[in-house]
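Listed next: structures, encoded as structure tokens.
After this come two complexes, each holding chain A, first together with chain B and then together with chain C.
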Partner chain A sequence: MFSHYIDLSWRSFKRTPLVSLLMVIAIGVGIGITMTSLSVYHMMSMDPIPEKSDKLFAVQLQSMDEGESWWSPDSMPYQLTYRDTENLLNADLPFKRAALMKTGFSVHLNSDKVKPFLEQTRVASRDAFDMFNLPFINGGVWSKEQESSAAPVAVISQSISKKLFGTSNSVGETFYLDDLSVRVVGVIEDWKLHIKYFDLNNGSFNKPEHIFIPFSLIKANEIDTWGNTNGWKHEPVKVFNDKLQSEKFWLQFWVELNNASEKRVFEAYLENYIAEEKKAGRFTREKAEYKLRDVNQWISYWEVVNEDNKIMVALSFMFLAVCLANILGLLLAKFLRRAPEVGVRRALGASKKQVFFQHIVEVGMLGLFGGVIGIIVAQVGLFGIRQSLSYYDALANMDISMLMTAPLIAISACIIAGLYPAWLVCNTTPATYLKTQ
Partner chain B sequence: MLKMNNISKMYQTEMVQTHALRDFNLNVEEGEFIAVTGPSGSGKTTFLNIAGMLEPFTGGEYLLDGIDVGKLNDNQRADLRNQKIGFIFQGFNLIPDLNLYENVEVPLRYRGIKAAERKRRIEQCLEQVGLASRAKHLPQQLSGGQQQRVAIARALAGEPRFLLADEPTGNLDSLMARQVMELLEQINRDGATIIMVTHDAELARRAPRNIQVVDGQLADFTLYQGNPNMVVGA
Partner chain C sequence: MLEIKPIFNALLRSKVGAVLLLIQIAITTAIVSNAAFIIKDRLDYLNQPTGYEEENIFKFNVMTFGTDVDLIQQVDLDEQMLRAMPGVVDAVQISAVPLSGGGSSTGFRLKPVPEKSKSVNASYFETDEHGLNTLGVNLIAGRNFTEGEVVLNRDYSKFPKVALATKALMDDLYPGEDGLGKVIYMGDKPLKIIGVIGMMKGPWLKIENRKDKSVLLPLVDPRKLHQFLVRTEPERRAEVMKQIENAMHTNYSKRVIQDLTGLDVKKADYVAEDRLMMRMLVILISVLVLVTALGIFGLTLFNINKRTKQIGTRRALGARKSAIISYFVVENSLICIAGLILGVCGAVLLGQQLMSHYSVPALSNLYVAVTAIAVFLMSLLAVIGPARRAANIDPSIATRTI
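Take a look at the complex of A and B:
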């Protein structure tokens, strides 16, 4: 019977093509607008590393003096000082840890083969690749020895490798970061990330870096940050070492803790570390304060998806509701015009339930067509957003779940709009129309 | 086969109560051909709608093949209507989007009959009304008389024991009306019970039993042919 209802629906569309087209366009535009904002919202709020987001923790330490406050929700600094970062990185602990900093260089080959270009670079400790699931295509991460000796090596992305060397296997090749000659030890796939969760301090939706160099190069080569440096007290910084020894916050630190007991061990270490630093005149607050937030807590803490985004989604759904109200009116007119035919069908043995489902299938089909139009409208909308700001490149996209959701929302919305007209038409008294047809 | 005891039907608006049927009593036996006559507004069509379970009645008892119709829900009434009753309307009431084959198929689909059996019955019924060659035509491509024959084929397809015809010749010229009447008589001879509402006295006289509805009541009846024991009137 379902296929028969589909056949009847198709005939109904052909019988009133203009009204049907109007309804499909109305639902298509409504769904398109809704899916545009919902897709951006979905990408913004999506777990960027679902396989281990509950195991990766951003570390925050309260190293400011008593009475000093920060602009974070709990007054904890978002980043760490170099001293703390280095100490936590070098601590004798069995956990993977990633010390990170955003920087950048003029990248060139010291030849006329490739035009020099400015490129953001991520300074990272070697565990970062494993922690953040960065897959190598060729080579691998630098060795512990290379890291401790501040060897001028780099891991680069496939696209940078192709740009510099014309191949994705550039292991062993050398290139320049400003005046520093670095050797490629590994090539990774391009890191596609819609939320740059590991460094929200420097733009939540900025693109991840394509060049990675060892953390130890910061000190050895006096590499400064391209990100934010925040201070809370006056500290004269005359030479780079002053910054390294200062209480300024400019580095990110992550730790991978696989279970609650590992977390307890690391927390105990932090308490002990703060106590030791206190003896050295730092961490002057009475109570040791630190925070470990997993990826999703970290994103939420930073309010990556803010109220504006939620309001935008709500508004788009309201627009969809307006479209549905129009569709409801058109459906009422269309279905009630068909009441005489329904009367005949009822006289010939159709139950109210059968008539109801026949009309629900018809509005469901309308929803399906509207959903397809909606996807096209949404793609145009998302394209427009991407064109307006490169910031949205990774965000203004429909993933497979959104592509599947669009027709489902369209069908559900149309069925909701069609419930009343279908109920009304199936409850008409057939006898009223049989004589007057 | 059909028994109505003190059936009443009242339409009520805020200002007025209208009794379309009052204390309506009728017994119809299997195989009868009854013509229902009466002035306009007398309740003939209301009676036919109640007999076809297209309208609820306000009071009384209606038994169809011993089944108390008043106690059935909508689905049960639809099933019973589909299995036992065929309708023929004055305006033919064919569905314009469907060709003749598909129009005749409508009641069979609601009965859940399989495609092969549907095909057999449709072809047989269209053959019976002489329109087998027009199966793929749309209703608007036929004359009025042909459309009514399709409506008859549709009513017959479900092999109903009971045919309700509401002025089946009302929209036809006299020649076509006679042809349709002959078809109905043939169907009756084949075993179907027929109740036909008509304004046409000549056609009514051709029915073995006439009943007259006046002011919502069975006012009189006349037996033209057949067994007087079959007739119960009020």
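Take a look at the complex of A and C:
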């Protein structure tokens, strides 16, 4: 019966090609525009590490004096001081922890083989690779001893390895970061990430770094940040050590907590830590405050999804509504014109339900066509977005779920729009139309 | 005369079509007026004057990895070389590039810390006496700093004593007074303002209360990574930019030249998202208006087909063609006006929602009014064709099929 209905729908489509085409285009454009903005929204708000996003927590500490405020939604500083980062990293706790900072160097081989280039570099503690699921191709992370002794070692990505040494197995090779000679201990796959969730300070959609060096090098080699340094009181910084001792915020800190009880243990530790620091004259606020936010909370806390994009999604759904109202009007016209024919079918014994179902199949087919056109329109739209904004490359794309969603929205929208016309036409009294013919 | 009563009664008998059209018109009005307003807001933002000859200025970064050179001396040599290049008006090492989205800012105060004082956040640029000329901004009072006033290297005992500031900053710190000659504090360091700059946008165009407030400090403190700004004669920028990398490497080779970009390109990158949003909105409203117009067109055609006999009968009974046209025009106008009333309310509500949730300024009523008129005209245009077709229906049709 279903295939018969599809056959009928196709005949009906061919009988009024212009109106049918108009409807398909209306749905197509509506779906296309909605899908364009929805795809970008979807990519922006997608969980970047779904397998453990509820286990990784960004740590925030309220170390500012009473009355000082920050521009974050809850007035908590986004980053940590060096002193707190170091203390949390070295605390005797059974949890994996990652202390992070963005910096950069001119990378070269001290020879003419490769033209020196500037490269952003991530300073990280060794747990970071495991926490953020970075798979090694060759070698592995630097050892605990190397981390504590600030050994000049590095983990690099496959593409940097190929660029510098022409191979992805460069373990043991040395290269230069400015004037510092470092040895490669591991090569990882390129870190593909559309949201740089672990450090959102300088643009949420920037690419992750390709070179990683131990956190202990900050102190040993006086490596300063290429990210933000924010202070809240006047602290003259004359030498690098002043910055390490200061109350300025410039480092990121993550902890992996696998369940609620681990979280409680870590929270208890933080409360105790703040109380201890209070004795040393820091954390002068009456109420000790700290925050642990998991990856998705962190992303929404940072308001990563661009507000323009939210407006666009809202407007494009309203646009889709206009297209649907349009289609509803056209369907009404199309179906009612066919009332005499339906009258004959009803008189020949078709039940109301069958007539209703037949028409729903017909609008469903229109929706499917519209959905396909919608995907094409959306691809054009996304292409346009990629052309105007280079860093939207990874964002302005339809993944499989969005490709499936397009026809789904199109078909269900059309069926909703078709319900009333179909209901109207199946209630036709056969007698009225039989009389006039 | 316009026969509103019978038209209205006829409408009540086929409500669905009319209601659909009404909804379309209402939503269209709401979206178009808000979108048009946002577009205007973005256009103003994108086209605002900056105070620079953007197409004649470019910047580049220098990352020095060699350790056998004194950076301050090297910067001096580089500057001399750049200034001597044919086509170059002036060149300077500077700590931040305007319109780029990256730079430094701090609170400038009336009294030194730790005293309580009014503090105004402003961007600052560390540069030498060529900075003003390279930027090409307009000094409206006072003088530029001299070579002797420029402090080399950062040393807290030798912080600059003088500075240039924009008028917007001085007006904020000293409202109603002449800013020239006043002293402002950066932390605990006093700075005497020896020159006031007119229009000069800082690094962040998006930050409304900071973009016009800037300070030029006579301080040269190059780091491993520092940047140069170069202004060229009109039309000669591309030619000069091509030679930069080689020229800089000839001067000293253990460094990377990077991000060699025109100021106009920097600005375009910085505002790219806003431009994209504007384009998307333009496409959205054009397609939307087209779809709504098609909707009106289709619905009127449908009504005419349905009422062919009635129209024929009316014509047979003596109605003029103009009466038939006016019937459809009036019918459409009734729906349209109802839709517009709803749409205007919707537009205002949507505007309020957008304003309360996002950083969109309050919707101006002018936009709603103009949109309403435009939608009304569009609906008239869409209906006039089908209405004329209806007027041409032959009266004989009425008699033939009954």
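In this section, the second predicted complex is superposed on the first by the 431 of 437 C-alpha atoms of A that agree within 3 Å, B and C clash if a C-alpha of one lies under 4 Å from a C-alpha of the other, contacts with A are read in each partner's own complex, and residues count from 1 in each chain.
Assume a residue touches a chain if its C-beta (ideal position, glycine included) is under 8 Å from a C-beta of that chain, and two chains touch if they have at least 3 such contacts.
Here the structure is a predicted model, which is why all the values come from computation and not from measurement.
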Touch test for A:22: chain B only (first), chain C only (second), both, or neither? second
Tell me which of chain B and chain C touches more residues of chain A. C
In the superposed arrangement, does A:254 touch chain B (first), chain C (second), both or neither? neither
One more residue to check, A:353. First (chain B), second (chain C), both or neither? first
First, second, both or neither for A:332, with chain B first and chain C second: second
On the A-aligned overlay, A:178 touches which partner chain: chain B = first, chain C = second, or both, or neither? second
As the complex stands, chain A meets chain C at residues 19, 22, 26, 29-30, 33, 36-37, 104-106, 108, 116-118, 176, 178-179, 234, 236, 238, 306-308, 310-312, 315-316, 318-319, 321-323, 325-326, 328-330, 332-333, 336-337, 381, 384-385, 388-389, 420
Touching chain A in the complex: which residues of chain C? 16-17, 20-21, 23-24, 27-28, 30-31, 34-35, 38, 61, 63-67, 113-114, 156, 187-188, 224-225, 255-256, 258, 272-277, 279-281, 283-284, 287-288, 291-292, 294-295, 298-299, 301-302, 305-306, 354, 357-360
Residues of chain B touching chain A in the complex: 45, 49, 52, 54-55, 74-75, 78-79, 81-83, 87, 89-91, 93, 95, 97-98, 106-107, 109-112, 154, 158, 166
Given the complex, residues on chain A that touch chain B span 1, 4, 11-12, 15, 340-341, 343-354, 429-431, 434-437
